[in-house]
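Look at the two complexes coming up: chain A is in both, with chain B in one and chain C in the other.
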Partner chain A sequence: MSKFEFPPSIRSRPVYGTLEARPGKTHLMIADAEGAEAILAVATPDLMAATHIIYIPKGTDYADKLRALKPAQFYEGPTYAASVTRIQRVLQDAQMGLQVYLAGTEGLMGQAQNEAMKAGIPHTAIQTEHRGSIARRMQCVHCKGITEDVETDPFVCSHCGLNLFVRDHYSRRLAAYQGVCIDAEDPGNVPPQKGIYE
Partner chain B sequence: MTIQFNDETFRDDYSFRNSERAIKRFPFPFDKDSYMYAVNMEQHRGGPSDSIYEKRFDVDEHYVSEMRDRAMVLADDPLRCQSLPHMTLAGWDLLELIMVSKSEDYPDLFQLHRDGDQWHWINKPLGIDDKFTFMDETTLPYGPMEYITRQTQGDFCVLDQRDDNLWMDAGMITTQADWSLDFDIGMNFFEWHAPVPLAHEKGIFVRALKFLLNIQQGAPARRLNWTMTVNPLLDTSPENYHKWGIQKTELTPENIGSKQHLRVELQTFFRLPRSNGLVFPIRCYLCSFQDLMTSPKWGRRLHRVIRDLPEELATYKGFIDNRPMMLDYLSKFDDGLPTSNGIWPEFDTEPPLQK
Partner chain C sequence: MSGAEKIAVRVTEVSPLNELVTRFKFEPVAGGLLPTFSGGAHTVVEMRDGDITRMNPYSLMSDPFDQTAYTISVRRDDEGRGGSLFMHKNISVGDEITISNPVNLFSLDLRAKKHLMIAGGIGITPFLAQIKQLDRAHGNWELHYSCRSEALGSYVDYLTNTHPNDVEVYYDDQKQAIDLENLLDGQPLGTHIYVCGPKGMIDWVRGKATELGWPREAIHYEEFLAPQPGKPFEVKLAVSNKVIQVGERESLLEAIERAGVDAPYLCRGGACGMCETSVIDYSGNFIHRDHWLEEDEHASGKKIMPCVSRFEGKTLVLDR
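Up next is the complex of A and B:
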């Protein structure tokens, strides 16, 4: 599975590409779940000799395959939240010419991209490739709480419990799409859940 | 002319009212009998006496009550006012622009005395008399943008200009037509406009941005935008939509004349001198259908515009479900006579309703 063609959408929605090995002194690859496949697809021994991989398996079993690439550094984290301080630390040390590769879910790529931008990495040195789940990281516009990995529309806010519909409007600063109350004008009338692109 | 400030509310019992003067100067946004998005911008260089275009920052009878409503919104949700760290200089630019404009345009209401960087600001309607050091944040109770926009009607987006784009990096947003500053802060011109239907395809935003990037200091511009609001509710925010959305279902043929409001935004654009930013004040004016119908021209025209408005726009503006009821009401004020060009009501020359 794992390569999904996103339908055309509005201007705030990010678009993702396909990773390619770029010349650079050092390389930082951050991926979750099936994002590992995108790394496996570009890996060469030369590239890996200068690469730090930060990987969050999310229940998949790609970690050993990545380890077998013999990257210069390899870290397997249990969750993104647990890995983020390490990501920040690595980006702090970034030297001129660092190449950043992000692969996997939108939530992972969005958040890691934010960290890279905050660390001053030029956007031209950051590549992204979507792989795996098409779940979205959603912000509830009402309570501001973030719900990770939302697969259905509508969904229930994990913080305030409102029924929210999934908008395409996307904030790079929050690395999240916007969720808005679906039954405000007819309380209790919540349409059946369906997959986001169904 | 002296302004009598109303004591009124924009929530709960909705005691907001427009005086006859306020109705006559209401910025009716349709210059002809149909409406479609366009790059409708012109220079902001005054306008007819006592019109909402006359002054740089219009102050009207709702001023004091609107500022009270803003303070309540901010107390409930401080995220309605945000400024990214690099925007403080633009905040000072804005404070200066408003203080200078208001003290020159309304000397009986506002006074500004400057002695080098020692400034003395007097706002009589709000009972404010503050001395502070210009460019020294520690001498004001809030950051400069928040300080001055707590005293100025309308929402404010403060845009940073870089990479041939505008970035929404600061704002005071408490009277918005259903969009979130907290969500949109940091976005560029195309990103925050992403949800708008049809306009991208028509190339409107590309042309509009080009115009904005070239706005010069001392040569502000303006345009009108509009939507519909049930009850005179200023805070139609997405944040609170789960609370106010239900009010849209409370319209009836009996109450629509007083409950349904045309919501018009006078949007202006000013270049800021030190930061080279751009400020975008969005001033909201509300008028009930029944008050609008006192102008025969507006009655005829509003019916035709709402009837023929493309479905995408009625949906985006959030009144598609209520459009049939609006048309039942408005059709009574349309006798089929022609209307004169332009937005002004032309009370003296427009024929009275013929039915």
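Up next is the complex of A and C:
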């Protein structure tokens, strides 16, 4: 099962919904890994006839199932970084009436949402559905470096090596949560690691 | 006192534009500068007509950065309650009147990549200020303006002379109409649409844009709702313990104010939500005219917007 029940939190933490087909001229669906399941759930032949899917498998094997939906265009990218120029290009050429659907991990949805916002789509008009890994994209508030796919709290910043506490404060602009040094007062006094929602 | 802060102004210009529309210019009585505003803002003009005080909202059409004066344009409505007629007949240069600080319920979303404006008739006025604001910031905009006839096309010459490539005018009497479907199709991503005009036009534009997949957040509209006259009715104000009569040509809100009860308001046009009042008891029918309450709230008999809505029936008791 790729769905996760997020516990309640502060307002800063994004909430995700369930994708639904909306009226539109064209549709752009961007997903990674298990996010494919959300696309499979919403797909109809009519919808797919006007849909461009950009998919990053991350080691899963959903790509053939998505291809079988016969979307108007299908692109499979090895990583988000490798796919972002394509996303930007599609948005640049798009017209009003485009619907954007994002599905999969928070990191993917946050970054793709950012591109869509920069292209002029109000963030509240962008649909999202979380599927798969609950790992977070974290920004270290000290060195500003980003660490992808963080599963534990605390964790070690992949840039400056500080022990960081995983906060629920989220930045839409950075598409990342905030990580703050947990042992600044008492260096070395680091609580044991646990899962983020444990 | 409810409403936005008040400013005492002197009328320094009254210019009839055509058979129906007259422009008024206001400068502060105390000298000095007026507050700046943003394009789309309106001011509430107080009109003292014998023992009746009417307060009508009018869009500011002057340059938002010009603090020396405000201008508005008023279209005469012969069927209405007399507010616009009063402006046309009783206001002349030199008069001192009271207006409110600007309030904006129809502002530009400056995140938009392009502003697509659609105006019908006197609905052109907020766009005149918005265009001045956008021109300073080199904003990308385009205006489609529909008028009854050339003779009634207020500001058409000004607009087409200053912005020949950005303004398209349509005359009803020449059977010209906005080709909305084609206009909306092909607009670049990040376009916001703004519509001001009669209700039918607003509904048409909102409906079509929604159908074509435009997000709600990119569709902006302002309807210049004026309270409509209607049959007189009686209202009990429970909190202030008063029974008041609402006359044929005054709004419920004006009747409440006339009774010396301070009631909240901002737009006086059924749009802002400020005047929302709870109904304690009623027997009869509401004539809801606002576009603030949801349909189920209108049907519930629990709420009324006294700035534009009325009542017909035996009893109405309000929590005011």
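Everything below uses one rule, namely that the second predicted complex is superposed on the first by the 195 of 198 C-alpha atoms of A that agree within 3 Å, B and C clash if a C-alpha of one lies under 4 Å from a C-alpha of the other, contacts with A are read in each partner's own complex, and residues count from 1 in each chain.
Everything that follows uses one rule, which is that a contact is a pair of C-beta atoms (placed from the backbone, for glycine too) under 8 Å apart; a residue touches a chain by one contact, two chains touch by 3 or more.
Keep in mind the model is a prediction, meaning the values are calculated, not measured.
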For this session: Could you check whether chain B and chain C clash or fit when both are placed on chain A?
Result: fit
For this session: Name the contact category of A:95: first (chain B only), second (chain C only), both, or neither.
Result: second
For this session: Classify the contacts of A:23 with the two partner chains as first (chain B alone), second (chain C alone), both, or neither.
Result: second
For this session: Look at A:124 in the shared chain and tell me whether it touches chain B only, chain C only, both, or neither; answer first, second, both or neither.
Result: second
Exercise. Touching A:185 in the superposition: chain B (first), chain C (second), both, neither?
Worked result: first
For this session: State whether A:113 touches chain B only (first), chain C only (second), both chains, or neither.
Result: neither
Problem set entry | Vertex chain A angle, Cα centres of chain C and chain B, expressed to the nearest 10 degrees | 60
Problem set entry | Shortest span in Å between Cα atoms of chain B and of chain C, once chain A is used as the common reference | 6
Exercise. Which residues of chain A are in contact with chain B in one complex and with chain C in the other?
Worked result: none
Problem set entry | Residue numbers on chain B that touch chain A, as the complex places them | 79, 180, 182-187, 190-195, 200, 238-246, 248-249, 321
Problem set entry | chain A-facing residues of chain C, complex | 111-113, 184-191, 210-218
Seminar exercise, completed: Residue positions on chain A within touch of chain B in the complex are 10-13, 139, 141-142, 144, 162, 167-174, 178, 180-181, 184-187
Exercise. Touching chain C in the complex: which residues of chain A?
Worked result: 22-25, 91-92, 94-99, 119-122, 124-125
